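Each of the next two complexes has chain A plus one more chain, namely chain B in the first and chain C in the second.
== the complex of A and B ==
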């Protein structure tokens, strides 16, 4: 049965609609909605069997949405603009599809549209969605080719399945480019997951309730302990009384620390935060694609590229690192604005009281601990002299308040100080053996320069030690994991499922999404193929072809011999048994001829043969005889048991 | 059809042997991507460029999957034709200018779903087939004679429409095309009754005629026992009676003016032959180097003689 063409047309429209569904999350919602309406309208016209609108009307109708698009996005190119424009044009194309060729063009556009949601999101769910889209698109293709509607889903699934090994082979073997062909359009970072480039009250606080993953780290060999996990991302050294920013530090470049025993070796997969990448304090070696810059930070080599990156680092987990400060740098790290008078007086008091710098620092820490500060994510809003207000009146805050206050205090006390922003802690996934660091792990701490070393001081740990040793969720209800919809604390099984899901996402990220030129190179080396080049790619393609694709092709091309029925099989077996016995029987003999040729067999065997042949003749030529007769099975078994011994050579019947 | 395509297909057809029946295998099946197939490869290329530029791994997956789908479509399309057995049954004779119906039998193993299109190599479209069986393919006959079945084309784009598998077939069946009857008002010459040319038509009767091989349905009474005693074979006696005389019509090639073209003569002879058959007359048909005696109602040999006149080995 051939399918009705109209069904195929509906299938094409449905496939297109399904393919672009994830774009609802990425584009202004009216664009996909209009697209869906266009497809629906086209389907309605097909259902009613009506005439399509004239091309002139289509062109006129196109102007409004395109104009609207330009007004709302201010662009018709780039990621959002280009995808939205393509969507609208495809929608109008649907209104001029008449012939089979037109429908195929539309379907081809659908295959292209399937790539557009991937520009925004490459997570596991969007991969599953891609799979679904591919299936529906292929199904529509099969229907357009005229295959019966009942058999079409199977045909589509099989075609995709057969194509999969080849696809995997190409995915692994096709060379990747290390950089883009033309400049990448700026991809807007989402506010929730990124650290901002300054520190003001509330800038980290807004990140903490978000449980969105920020980056993952995988340690080789020794695993770190939780207290060591200070992920350094940015350093702020200029204070205007309320806001900390990164000043132009006259720094002497990267201070390469000597590697010591017990260093941690790990790789991180992260999206750059304004070019800066997280690294465990303190890095001693940075791998390919990244470089160590001033203040022990690590940046991407191509700093403008904001794409996700996987890089290797080695760190020594310690709270201090040696650095020489010039007088000019010392002054820079001691600068304070005129604001926050009480704090400055307090600092100056300590400077007078304690000549010894180490003793002064210890006194500052002790003083901060005695102030009765409280760790909370919803402190009262501070204005004006934020540090004074925090230290002497509200006394409620979280890491950024503590860090800001302590750095001000230290500077006032004559100790060069600065603020480090990054992440602290993380969640260890035992199944996948990796650490997942979330937005909620964002943290700020201070560094004080003392005796030729930058010394980490985490004021939060002084006030609320549990923040460092346990997850932030235990301290702050807002950052707790909750079951979606139900909003309760999750049961144990939910944690297990969640951990497994994270692990799948991690593996996915590692092996599929981040499979780039570098990873391909390392895979090629592990396979013993050397560098990615024409020769090694060909080798891999041939090798994979022989192992994966060739068996599939052979299986597809192999033609089964037609199944023989019991009477035919039995007859051929009988003839071969007689031949083995030395009787010159051939398959084309009649039963009578066989009987005649077998006269030299023992009389018992001759009787057996005669009975077999009589049965064969009777059942095969009787009225209404079929090969499906159940008696044939028994007859076939009798033939199998019929084994005449070999006749002596002299007695053999001649031809 | 473009010039190159025409040249290619005529070259293909020239080197094909004519066959009574054939089973399609890898040496006969050709595979080419359809426009849609090329279009989808273009889409895959565009997606690949995008993936390269934006470093989107999943877009690589999509692109390579599309490419693989086109490649796999080659094998799947091949499977649509492979193992297809084709033969042509005997077509009925036709009159020139009407359609000859060629009964084509296509067989493939049961349980394999296939979707094929069978048609003439020089005509678009064709008959769609989705199960083994026989189709009647009509072809306009243009001239009298023996028409050999023109080359056929069987093709399939199933199941994906990305690659077309096709094969050209040259079969050996011939159809006999009678001349188009042309009214001839001239009265046909008649032979006298019981003329020497008339053949005795055997009709069962009383008088012993000859011996024939005995068959059970003839019954034991008819066995010629004397002959059996002599020769040891069962023979039956056959009795016949001379037939009543009937009018005989003489149709002659030379009865027409010398300048009349052969085809015109044949058309008129054909008309006369049919008219004589309608009247229930015996016919003597005299063609150069050929003479046929036809009893009433026996038109076919006459028509075939007319159709085959001067035809040695028509294409």
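== the complex of A and C ==
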């Protein structure tokens, strides 16, 4: 039997509310809250069976929230503004939703709204929420179609199931845009690196307590050792006494020669930071979408595009350099400001003491280890010459202090040096066979030019070796994972569940979110289709769609009921005219019942109605009555002209 | 026609406060159908049946159905006449113009089916001989609602033989007060004057059968039948026989209104009485009467 229409109306409103729940996290909270209130208000009106407000009131009421929206976002377009505006207008639309057709429109808007959270977040939870939203929306649609409420969940699930193959086909085959969608701002980028384009005390320290994932990497073939995972993102080679920045002098040594043994081949999925992307040391080859730049770093080709991307890289264990540094380059890497006198004196002392460069470096390392430096994330504030203050006074700090101090020391000792900022280590997910690198893995270290190549010197590893061997959390309490309820030392099963969840997120990212134009093409090629153009895919999809739909259309056309005759059309029109006037007429009423229900109409209109009804009854049911009677045409036109005005609310006959 | 309105007034004077049921009962008679009156004991089922027989001027017999009643008790038996050397058929009470089958659901299924067969065929076959029943032939059966002790509910296939099923229900307080103050019903019943005779009734039946049914009205009845078969409201849809029954009853109702053609409101007026006992509601908490009414409320006229 038909489920009660009101139930379907509540279902539509509930489905809308559920659908936009994730937007609470993305929009100013009052917007979704107002939307929820609007839906609640509409539901209350339906529950009480009350009249909807007049359109003029709606129009007036709309001005305030839209104005508020403008004040709070300063825009009504773009991602936030557009979604918020759509939300508010949908809320108001609910108040002019009366007929079945209106409810269907509202539901259609719901399906559109369901996609909007994806503009903010495309993670696995969002996808699961979207799936839930789709189910609830379909369920509301099924109820609206009049399916019995007990059978409706099953019907909705079946409908979704039938749509699944088409969804998959469109996902795989639909041409991808090479860039981000509609120039939307970058999606959920959780600051890949959170790295800044300069290094000053504290700039990395603030990242360490954050356990946000920064990027993932997957190795093919040989797996690396954790201690050797130094992910380089940026190189800083200019020091002004307090802050390290990237200099403009041409790169150090050289294009890299093809590598020696021990090649690592891997893919990284990361969000660029001003084009800079993480890559292991001695990268010798980079795949599509990225390019190798100075200092063996990798950058996105279109540097201004901040969207997440996946790229392939190959690194070798040792790389060979063709020649020594030029005099200009050497000067550049030895540059030091006048500050930090004690440190410079210390360096110069080593330069005099050890003529041999390798011996000098060894002595520097040994000296640093003996200074009693302590690794802590909350060092005292440095004053004056920061390097001097750190090395000879406070002696407390973390990677950036160590790296900055060591680079200064090395330069003073006549060894060309630079600072590398990036990440160290990562967490291996055995189930998904990938490395997850977090913000807390951010790190800074130094590279020293020695014996014709850049050698990594990690002063942090010299002072606090455990920082490199183990996770930072074990050294620094602030960076430990704190699990709600379970506390700082969660049980083993939690780790298992957590690893599985990360694995699912990784797979989702790899196979769904990162399924871009490039991977689509490679899939087509693997299927033996060769290079497939956008045009041919669209043509094929359209053609396939037409071929699929054509038989359905023909069938519908074939079984279409014959055109309705004038008396039938006229009858339905008459009933709907009375309904519009506020008379509780239904098409199953007899003429006498309609006359009785219309007693509140003006007497003239009642007379008109009585005449129309009498004719209808006489010409339709008396002896010799036929729908082919030529008088019906005139009657139909009379019905069309019969437009009773809307009754005042208090006079309306209740349903 | 005057005789009908006279009969109508007489019945209303006897059975107080039930004009609709009386009109339906008369409609059933004019459509030539059998009538089932279902109600709790003591609300006047038997009185109505008696009164109908009386005002229509029919020769009637009454059989009180009990669980030990045999088919022969009702249909009749062949007796051997030694003096004539042959069997002679002794007709039972069924050979009358109007048979009052009181409490039909207390009889065994065997008796019920014998009666219902006679109702359908309008003849009785005994010992290889077929005996035609008189014309007109009506059965007015009364029954207690199912669930009362010692009853055999009639199966749907047999309920189908009754053109209508009506219920009287308790009278309104004012009618009941009048009833309490009025004289002896039994006396009033026997004093009831006949409004017509069997021949006139047959003529009226023929006249009713000629009331016009337009194609639009047939479409409306068809829409009702089709809607009943959608298996959402009911276990089984209405049969073609039910469709014919609706039209026959609607024609008679239209004639009582003095019209020569059937209107949708005639169909609506008789629909529940004609169809409710042929349907079984699928909806929990909704009996077949409510479900039939719901069907009427949902099928558009055009």
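What we mean here is this: the second predicted complex is superposed on the first by the 502 of 655 C-alpha atoms of A that agree within 3 Å, B and C clash if a C-alpha of one lies under 4 Å from a C-alpha of the other, contacts with A are read in each partner's own complex, and residues count from 1 in each chain.
Keep in mind that, in the parts below, contacts are C-beta pairs under 8 Å (C-beta built on N, C-alpha and C of every residue); 3 or more make two chains touch, one makes a residue touch a chain.
Nothing here was measured: the structure is a model prediction, and the numbers come from that model.
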Contacts of A:148 with chain B and chain C, given as first, second, both or neither: both
Contacts of A:637 with chain B and chain C, given as first, second, both or neither: neither
Which superposed partner A:501 touches (first chain B, second chain C, both, neither): neither
Partner chain(s) touched by A:44 [first = chain B, second = chain C, both, neither]: neither
First (chain B), second (chain C), both or neither touched by A:57: neither
When both partners are placed on the shared chain, which of chain B and chain C touches more of chain A: B
Doubly contacted chain A residues - partners chain C and chain B: 1-2, 148
Touching residues (chain side chain A, partner chain C) in the complex: 1-2, 148, 567-568, 571-572, 586-593, 617, 620-623, 625-627
Residue ranges of chain B in contact with chain A within the complex: 35-36, 39-40, 42-44, 46-47, 49-69, 71-73, 75-76, 78-79, 82-83, 109, 113, 115, 128, 130, 157-162
Residues of chain A defined as touching chain B within the complex: 1-2, 101, 104-105, 108-109, 111-112, 114-115, 118-119, 122, 126-127, 130, 134, 138, 141-142, 144-148, 151, 155, 159-160, 162-164, 166-167, 170-171, 174, 176-177, 180-182, 184, 307, 512-516, 553, 556-557, 559-560, 562
Of all residues in chain C, those that touch chain A in their complex: 212, 214-217, 232-233, 260-265, 268, 282-283, 296-302
